[in-house]
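Shared chain: chain A. Partners: chain B in the first complex, chain C in the second.
Now for the complex of A and B:
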């Protein structure tokens, strides 16, 4: 792309940042040490999912907060990641996710290395939403694979694992199924993930931001 | 401009002359019968009526064509039949059944008795019978997109052409594409799919996005509960939409058009298929349209029942073969749409206006309706209203005029409570809003949206909390599940509303609901999620007290929420020797007082089906609904306790 080499200068939270034209705001911030909560962002995916709705920022001159994963940087842009409106929306989204998350940090292999914990800290909010009612789906945990388990009750439907899995082309096993509240990461026909189709590349587990996909060994160590 | 422009006009003139002579042959100085056989008519038995007419005509060996037409908009009186006979004005009959059909043939067509007892109205003013012009609704109605509906055979392209169809197409082929866009821009036409975005500007964006091929998509994925205008237009006048698509295609420089129609509209799909075949045969589509340099092909794509596919980015994903899920915008489809190419997505109604604007000019269109929203508004009237059906009125007509003058008000002497406009993305407006002149902006300010034109009228027996819950249940079920706010937020709101309708919940939950609604509106990825809270926000804005009563008093003022009502037999009104309710009760919950013989409902057994209320003869009218259930007098409950003692 011809825009590759063009430099753009913008300000995020008062810090001047130089980045490539065409870069999305979220990545410009993250690569310069400014954290914006995010779950579904995938660096090498050309089109952002824009589905977790956590990466809200405020841009000077714009009335409403925007998701930073979908906005391209512009020269002279002034961005505030700590604006009240943006943080309120991020918190609202996060609380919705947490109300449907099977919260069990003490027994979770992701404890201490969990994006949700990181986000809660960044947004200064509790992992357990006060006002929302818990809406859990109580789905069965798939522990058929020898290396890892898939616990849909901890899944935030970000799609990172699917993106990795799909890199195997027609050998990929993971995908989304169902709609609305029932949307879930699963295999074709809900076949157990331990069946022979999975290549055991472990990439899905590596990218999972929560404990939904977790190595069995690690879980054993923790307990 | 080009040498090819003249041939197009000449070719079309020939087509038009042929069509006119065909229609003359069909109708002029002849008796003809037109039966409204769109889905609304068919549901009321139009096909039986059609069969009866055909058999009767055959029996008497008459030269009288029986023509299948679409919906005139008077859906309340289906099946509808129009009979034209020399010496009489064309007469419209309502509630026709095969027996009436037989009589009409024998007495009117064979005889000279127009059977006034079955007449709704004559199509033109005359001194014989009341005509539609004498109806109070005639004062308000102005038909542009519904003009042909119910008056032409949708399966006969020549009837459309004879009625002035495809003249717009022939005309634009002699214009520069940019001039076509300018004309639409000048007309001020705004998208009838919901948000009211200016159509001409959308076309311009698409044309200016230089990449090719470009596409035009007609969005016929009408899925709102209570909306059926798009279906009626596709079933009654498919060519007007097709002509609109071709003109849009010429304007933006597209080569291909798609009609995204839901598979649940089988008749509309069939009508479109026939229409496209006929258009292609006359070279109104295909390569070198009417001998010009412009080539354009249209394809039907059937959606498979996901409401969210009415959202343009989800619709595009669906045509591309992906799951019907929206993506973020911008880039808007006009710049980057189908297969990544510039794509115009327009609603059925929007496209149906286009040929009329081209034919009559932008000024004519601007002269109708209000300044910011020119043209007409088309609504599907449903719910508690006398004249269900379709109405087309100039923008700026008030809700009161639409509901009471055109729709003839609320049936059964009930009083008006609210009107739900725009389906699950719209809102409920109260009586105070009745004098609101309807256009895109006024509705938006009031909290509703024009949406796809569903207008559901609610009377005093409709609970606003339940209405909000109903629509939210719909959006929640139809959420694609991609983004957090819509997937989880709508579910949270639905849980709260479900509690309210059961008298559960805390008073603070109303504030929580309002907060969630605001967040989901601001945070969702696509318009489905962003507009899903509208039914809640408007009912909270106008009917907050009803929410509060549900929670604090456990009372449903409209006596609709099952868990908050009880059926009660008034002892002094009960006839005592009548056993109608006892016999009808599905769960044997009604018994007689051991001494006084009046009837008592065992509240523990009662399933609140309401059968007894209907069974009680109107002269006694002894059964009432009470809310909260604790309103049932205690001694009435005690009777039961005594009885249950052995």
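Now for the complex of A and C:
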């Protein structure tokens, strides 16, 4: 990692930014107070998932928008996070996500500090899809754990909780299972998470950007 | 329990999503057999993560499916979380979580069969056997799955019953085929009440 200390200067939305070489565009923007919608980006994960398709930006001199979580900063780069092409792509990705989201903010413990609400605001679009008909999965909610509930119907499969849980090595309980539209965050055998497998470290709930993983206490306070 | 099952079935029939289930050995004898076969396969591999798939294939080759005991043993052997084994097993179509039934029912959903209402046939099988595709009846008589074109499209919709392709399998044919196996809906219950 010889590039670690080398500084790069770039421009994002007209603002001059200095950052480490090798840094991903998304983090450079976020750390400098420029918000780019993102769900699947994880700071300490070396390889980005790049699966949510929300973090599109335009780079001067490049024909197509790029996902900012995968592109490294370059000296002299000029970035526009508000380009129409990029925003259209992000909106399309967001709409796809929300089409299968069990939207019910009024009764959701994430209401008010939900990343999806923040993204909708940033993209200037509604939480409810306009062009797609809703396709709900109606999965059972797991409330077997005494501390939190897991509602897969509100999960955006970002993988943040799994990344935290993996830190427990072979004791990890959370992971993705099934395929395609059926993909969910779950446990071995889709078994209740409270059933003596969870280590109750709470980290997964802390990092969840939506109301999918929610503390029971907080839910009580809100209702 | 019963309520749960019927709710699940209703969901199945309307094409709703249901979770697959991990199966355990039905009795001690079976458990011993599972453990023995799994250990035999494991002995052929060193404890490296990259052998997960060949190990799973080996165990399924022996047992016909991947029971809970095997998956946990494999995770333990490789030093990985059980959920990671489950992740891989549920990702690939080749892996089965259900023991094979005595009779195998494979409903074709290839292009021709799809056009000829293969899904309606599949729904009929699901309703009659009270299981979803990929599952086995609790008495392990039948297992149900889908296939994509078995090469006799002129007979669409096709169901392959115990390796034999049956043509024009409309829902009424489903009943007929099941009758051929001496399987009638409610028969079991009737027998039970008669023997009382």
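List of remarks:
In this text, the second predicted complex is superposed on the first by the 223 of 223 C-alpha atoms of A that agree within 3 Å, B and C clash if a C-alpha of one lies under 4 Å from a C-alpha of the other, contacts with A are read in each partner's own complex, and residues count from 1 in each chain.
Going forward, a contact is a pair of C-beta atoms (placed from the backbone, for glycine too) under 8 Å apart; a residue touches a chain by one contact, two chains touch by 3 or more.
Not measured: the values here are computed from a predicted model.
Of the two partner chains, neither chain B nor chain C is touched by A:37. By the touch criterion stated above, A:176 is placed in contact with chain B and with chain C alike. When the two structures are aligned on the shared chain, A:133 is found in touch with chain B, with no touch to chain C.
In the superposed model, A:53 makes contact with chain B only, not with chain C. In the superposed model, A:194 makes contact with neither chain B nor chain C.
In the superposition on chain A, contact is made by A:93 with chain B only, not with chain C.
The contact surfaces that chain B and chain C form on chain A in the two complexes overlap at residues 176, 178-179, 181-182. For chain A in complex with chain C, the touching residues are 137-140, 166, 168-179, 181-182, 186-191. Those residues of chain C that touch chain A in the complex are listed here as 11, 16-17, 19-22, 68, 71-72, 75, 79-87, 90-91.
Interface of chain B with chain A (complex): residues 306, 323, 327-328, 476-485, 487-492, 495, 512, 516, 519, 522-525. Of all residues in chain A, only 47-54, 56, 64-65, 67, 70, 88-89, 92-93, 96-97, 99-100, 131-133, 135, 157, 176, 178-183 touch chain B in the complex they form.
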